[in-house]
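I am attaching a structure below and will ask some questions about it afterwards.
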Amino acid sequence: MDTITIGVVTTSDRASAGIYEDVSGVAIMETLGEYLQNECEYLYRCIPDEQEMIEATLKELAKARCDLIVTTGGTGPALRDVTTEATLNVCQKILPGFGEQMRAASLRHVPTAILSRQTAGICESSLIINLPGKPQSIRECLDAVFPAVPYCIDLIGGRYMVAHEDVIEIFRPKGK
Amino acid sequence: MDTITIGVVTTSDRASAGIYEDVSGVAIMETLGEYLQNECEYLYRCIPDEQEMIEATLKELAKARCDLIVTTGGTGPALRDVTTEATLNVCQKILPGFGEQMRAASLRHVPTAILSRQTAGICESSLIINLPGKPQSIRECLDAVFPAVPYCIDLIGGRYMVAHEDVIEIFRPKGK
Amino acid sequence: MDTITIGVVTTSDRASAGIYEDVSGVAIMETLGEYLQNECEYLYRCIPDEQEMIEATLKELAKARCDLIVTTGGTGPALRDVTTEATLNVCQKILPGFGEQMRAASLRHVPTAILSRQTAGICESSLIINLPGKPQSIRECLDAVFPAVPYCIDLIGGRYMVAHEDVIEIFRPKGK
């Protein structure tokens, strides 16, 4: 079974300054650990909400051949929320269905879900997915899109993910 | 209680030429008046479907420190429909969840809702929202997105909106 | 009754090389033939997944005054999937509601529907719609958006479509 390389990027001025602990980055690694049977190598970065630094970090993780890069934070409408812009800038392809689906999932809980600008895209041969900053929303967004993630990574030439099907039901079209 | 500054921009070749009355701009002010307990100062503009003029008007209203700028008209597929382009051009951030949610709301009434290119975004410290041109669709679109508007305006540093909760249930995350 | 000019563009390295038959292009023409009472003149192109060639083909078909141009294939996340980029590049206006609606329709069948980057837009006076590559998904996507297509084509100055209302219920707003 392949070892999966996963980038986890927390963008937060306060967490990167040590003002508080990065609970969201940890929540992502826990959730992916529950989903996947594969061993996972995590490349973890906790950086401030600076667009250039986020872009450089995403590119570095793509060069390191991450199959999946997950960000948390920086997708709202505030001035310092620039993770979405960084993602749009480094990706060769944008996958708008991820943002639509994550917003639809969050909308079942809060009407302010429409304020999220989360997206996803392909950078080199990595799939980048923006997750919200709030730990409690991370699982609901990942649950909403992860069923399509392993097949997406197949299509862009990444490593083969095997899921714990009792935790998350992934999907690959038959004959593929 | 803060006085809210609201820009209302009707883009219509015919209304701006006086060929017919601008019912839509009036409908927007009536609806917002029913929603909000705050006093509202309206900066109202009725202009032709000229992209440069629309962009200049949106920028002028953002400079005038509008908390919210609402447009009506110019979001369809026809040649003279350029309000969406103007909005995309002047905004520093785009909020695709607004368009998704307004189209979903309109789709419950008419299948041609998918032709609407309505969007929303942040210009300086103003939230701009595109509404449809038809008066009867304005209320259904505003009802669909307004619950998230006051918190969005909080996040971009605008004035504090207080709603008539029996008319529209707005939402701010707890602890914020 | 107007004769409708319809461009059908299959983008597929293998189909264009004759490695397999283009079933998808045929499925599109069959479906539109069932929908429409009008006579249809089809301009059919089967080309490789080369972005420049796709853009040139879309422009040529728009110049030939197609009312509708339908593509199949090239909307996924893989390296050779570039039909979406070509469409975004040649269109003066993008209609995001089409992609949202087609993904929503496909999501009822497969969670990997969020990987589709299908969109639609206006190029000159032609409506371009991206459909998926798989023949069995073409009908479900066309069923989801076609009700809005004739009115969209009215708005951009195209020919007047008349549908078989027992096959597909199209919609034009009253008084239009």
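Order of writing sets the chain letters: A, B and C. Residues in each chain are counted from 1.
Operating definition for what follows: contacts are C-beta pairs under 8 Å (C-beta built on N, C-alpha and C of every residue); 3 or more make two chains touch, one makes a residue touch a chain.
Since this is a predicted model, take the numbers as computed values, not measurements.
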Give a one-word verdict, same or different, on whether chain A and chain B use largely identical residue numbers at their interface, taking over half shared as same.
different
Working from the CA atoms, figure out how many degrees chain B turns to land on chain C, in steps of 5.
120
From the C-alpha centre of chain A to that of chain B, how far is it in Å?
31
Touching two or more other chains in chain C are residues 96, 100
Within the complex, chain B is touched by chain C residues 93-98, 100-101, 122, 127, 145, 147-148, 151-152, 155-157, 171-173
Residue ranges of chain B touching chain C (in the complex, touch as defined)
76-79, 81, 84-85, 96, 99-100, 103, 107, 110-117
